[in-house]
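Structures follow.
Okay, so chain A shows up in both of these, paired with chain B first and chain C after.
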Partner chain A sequence: MTPFNVIFFIALPYAALLMFFVGTIYRYKATKFKFSSLSSQFLETRKLYWGSVPFHWGILFLFFGHLIAFLFPSSILAWNQQPVRLIILEVSAFVGGVVTLLGLINLFYRRLTDARLRKVTSLIDILLEALLITEIFLGLWVAFGYRWGSSWFATVLSPYLKSIFTFSPNIDAVVMLPFIIQLHIILAFVIFLIIPFTRLVHVLVYPLSYLWRPYQKVIWNWDRKQIRSTQTKWTIHKPRNN
Partner chain B sequence: MDVRSQIAMVFHLDKCIGCHTCSIACKNIWTDRKGAEYMWWNNVETKPGTGYPTKWEDQDIYKGGWKKNGKEKISLRGSGKYKGLLNIFHNPHLPVLDDYYEPWTYKYLDLIESPAGDDQPTARPVSLVTGKPLDIKSGPNWDDDLSGTPEYARRDPNLENLSKAEQEAMFQLEKMAMFYLPRICNHCLNPACVASCPSGAIYKRGEDGVVLINQKVCRAWRMCVTACPYKKSYYNWNTGKSEKCILCYPRLEAGHAPACMHSCVGRIRYLGVLLYDADKIEEAASVSDEELIDSQLDLILDPFDEEVIRNAKENGVADSTIKAAQTSPVYKFVKEWGLALPLHAEYRTLPMLFYVPPMLPVMASLSTTDDSGQAVKLDPIAKFWDKNHRYDTTSKTIMQTVEQARFPVKYMANLFGTGNEEKLIEVLKKQLAVRVHRRHVTVGDVDAGLTNDTLNEVKLTAEIADDIYRLTSLAKFDDRFNIPPAHREQAIEMLENAGDTKGSTGFGFKETPQRGL
Partner chain C sequence: MKRKILLLTVINIIVFSPLIAQGGGEKIFFEKCTACHTIGEGKRVGPDLANVHQRREQNWIVKFIQSSQSLIKSGDSLAAAVFEENNKVIMPDQPLNESEIKSVIEYISTNSPDPNNPNIRTPKQIFDPTAITQADIDRGKKLFEGTVKFENGGAPCIVCHNVQLPGMLTGGTLAKDLTVSFTRLSPAGVDGIIRNPPFPAMVNSFANKPLADQEVKDLLAFLYYSDDWNLYQNFSGNGNIIFLAVSIFGLNIVFLFFLWRWRKVKKHSVNFFRI
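Let's look at the complex of A and B:
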């Protein structure tokens, strides 16, 4: 248990978790206007297609891949028992990674070269994109260099992450991992840590509720069934329906 | 019956002089900000023309509005629950900055500050987006007054179903005609923008039907920009939020007319309350193209009907609002007189802005006459039409010329009649009858018999014709704008309670000074 390990595998994940929850909730409450995906499609649409679409679908695929491996390690191990299925999983994950990386590089290039986009690009945008590119690149390196990650993720990392979430951190296994893998993990925590300070917050407000809300939306600033009724008590509070 | 009240509008196109005062009034108040420079919540375009953003009416490009599938259902053309969420990473139908224009300003200071030199300094145009010098390729109202006809007017999407010959006839130099089409958000009853917003940021106010975007909930998914067939929802590239016409609701609530209407030089604009039956909206938006206008007008209820009034009261509509509905100039134009029609009803958003279609091309049609007497009087070098042709403005033949107007009725029908020429002819004939009647009253060169015939043909009486004339030509400010109070005694700006906020915040406060823990 060197200080390095304690800092990066115990302190950092908790700092990231804390910052993620406190930061995003605070921002949502205090500066809601700034909660936006800040789309730049209006200024440039053609190049965006070749960046945004592969990147977003790719990263969703990768994210849920990691999430499933974390939540259901045994099912991943069961799936991987047959070599063909293992290879199918690994190859599709790798292809997903490559697609994501290419998309992201397209996005990065587009952002840096388009004069209009420069005007809506902040320092944190550039930092975030650079971090993501590094992270995905490292991920691909890990997948290629330290074969059958889906299996060892389930046996080594899932227990570690679980120990973090159950507040009994156990880093015995992570500290033994090769440095590249460790770096991949550390960067992931860093990205989580900075989410509240970036446009990544838009992930948290992905509008799934659209699927079950009615299409039309009407807001009344007072209760229309009661406003004319003499029975209604006078109240100094805002109506509740907005 | 679910009776609700809606602030609706009528624009009388014959009166619009294309001065753009309305656009400027709106711009100065609302969109003179970074990211909004390109937005014209109110814009006035020349028709025929491609409009703003260019070709907005071509839904094959922009996929706005609702479309009817099969027998019953309607669905959003380019967005909606599944398409919208699938296209959220890249919206293929989004109009981009270049479809509007790149906003610019001039480096005026260079005129004064440039060092002395051999050349006269100039004020170069610079982009308001990038700040770099700009080669201006288009701008607001680039095709104003038919400029650049081959590029713009000829590509008007409304010309699509006109034959080659009809189109050629329209663009002959001697016959060319145009009119202005001022446009703002229609504050629709079946708004596509609301339906398309994945975040649910857009809503219709129950009390007066104004459609608004909650800036704190908008997340820049940009679906409303696609979904609004009138392209009246705009994306602010700077704040990352969409914005649209708010019908000057802070002014409305205080009983003032919206800025565009207040400033209208031609006095073409009317604003008033309509009562409608919200239960029937979906049904009304789902009928076939031909029935759309009638079904939309059927939604609007008679404000004198006892049953309607009772239901309105049950729904919390204030007495002052019901009164305003009874004296609404919009109700008169739209329902009583049947003179105003919605623009592109076929988009099925049930727009609440109605237009009295322009008649200008009807009054003067080219006819063959013996004009030799006239020619003698003319200066020989003055240009005049072919000796045997002249503009026929005599009232005798006017009624026959509606269908053969210089401006094809078919074109107008594409704009205001979902392609149905009958509708347009009916409205134009009514307007003509009023003119014939007034000519009879004031000039007296039309005989009473003909006047009666024309009025009878369109089922108008002399009294109604006079009413129409009065509200069209003589109406004063208060006749044109009948705005019920927003009952601020119930709430400040309808969203906040007067008791909560009165005297509590001022300059320098970010937080309501509320009692601590």
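Let's look at the complex of A and C:
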């Protein structure tokens, strides 16, 4: 148990958890209206689609994959019992990672090059995106370089994470892992640590109520055919549809 | 102020006492050492430790146990010689403090050779290549792959280990490749590690789920077969290439899905339409 291991595999996760809970609750109470991702979409659907959509599909898939492996490790081992099922799981997870990485690189490029976006970009946004890109890249490295991650996550990392959450940290196995895997774990804790200060808080206020909210019927109270083309001057009346 | 410091000290002692508590030498020896070492029962993966306290300085033993590789790298010729003598198998660093190691040394010294001890398994009792059958090998293969579960529910070997054989799924690359484990570790060494794993990741998987005696024998048979097969033939799998190829195929499917969804995405603002 070197100081390095104690700091990064015992102290850091607790610091991250504490900061995550205290920070997010404080921020929600203090600045409720800023508890969002501060949407930057503005007449640029085309540009955003190929970044945001792959990234969000991918990251959700990966997040829940990690969560299931943590909560139900034996279910993963049972699934992986047949080699074909193991390959299906591993390939899907790897593809999920690549999709997420490509989406995020697209988003990062857009954030850095779009002059209008630069105005609303803070330093922590850049830091967060850089951290996420590194984390996902390391994840892919682990998946490819240290097979079969889905299985050994269940036998090596689930017990470790469980020991953290039950306040009886056991880091014997984690300290023996290859450095790349350790780095992936450490960065994950760092990301959790800075969540309260970033736009990532929006994952906590996902509008789930939309799922069971009644439909809203929108009625346009004007004749669509009378609206002029944007190239010509309006003649009948000034369009007022938004 | 003084009372607060006192209180803090007491709390700290209570919190940290489990961390610095001494483990009994016997318990530690059985948990950490028996996979590779014996006391007077001959060499396994590592040397016989009988009377080691008479052969080596205590400080040297402490350093070697804590990190044999660091000791070797520091230029200690004795440590390097031990490493050479034992087929260059790296002894894993043991997270033990000095007092724990001293308790182990004490345990070894009090239990060192008793020439009249009859409880010694001969190498032939551990593994006898002439006694194994094809059925043993097949069962061992299935246990290794996980298609047949271990009786007590331990994780299959393929999770972390690879064995290079045709017709077998390429195995995990987190831990050592076991294709020629018999040559590297000797039957007694493999047997010792399987029965009493010294590596923390294996302890996680098998501490409360020990393998049945027959399961160990089947695995030994399979590993012997793999070792033997690879002695005369060389099979290099192409797991990485297949994995990448299937992944690229999957990636295409996912992006086709996004392309299909793109058709339905509203591309312009509400009152923008061309005539």
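Keep in mind that, in the parts below, the second predicted complex is superposed on the first by the 210 of 242 C-alpha atoms of A that agree within 3 Å, B and C clash if a C-alpha of one lies under 4 Å from a C-alpha of the other, contacts with A are read in each partner's own complex, and residues count from 1 in each chain.
In this text, a contact is a pair of C-beta atoms (placed from the backbone, for glycine too) under 8 Å apart; a residue touches a chain by one contact, two chains touch by 3 or more.
This is a predicted model, so every value here is computed, not measured.
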Touching partner for A:99 - first (chain B), second (chain C), both, neither:
second
Thinking of the overlay built on chain A, is A:23 touched by chain B (first), by chain C (second), by both, or by neither?
neither
Touching partner for A:53 - first (chain B), second (chain C), both, neither:
both
On the A-aligned overlay, A:169 touches which partner chain: chain B = first, chain C = second, or both, or neither?
neither
Would you sort A:218 into first (chain B), second (chain C), both or neither based on which partner it touches?
first
Doubly contacted residues of chain A, that is, touched by chain B and again by chain C:
43, 45, 49, 53, 57, 227, 239, 242
As the complex stands, chain A meets chain C at residues 1, 43, 45-46, 49-50, 53-54, 57, 77, 80-83, 86-87, 90-92, 94-95, 98-99, 144-148, 151-152, 154-156, 159, 172-173, 175-178, 227, 229-230, 239, 241-242
Spell out the residues on chain C that touch chain A in their complex, using ranges where they run on.
19, 92, 95, 145-147, 149, 155-156, 158-160, 162, 169-174, 199-201, 203-205, 239-240, 243, 246-247, 250-251, 254-255, 258, 261-262, 265-267, 269-272, 274-275
Chain B contacts chain A in the complex at 76, 80-81, 84-85, 89-92, 94, 96-97, 129-132, 190-191, 194-195, 197-200, 202-207, 215-222, 225, 235, 237-241, 281, 313-318, 490-491, 494-497, 499-500
Chain A residues touching chain B in their complex are 32-33, 35-45, 48-49, 52-53, 55-57, 115-116, 118-120, 202, 205, 207, 209-211, 213, 215-228, 236-239, 242
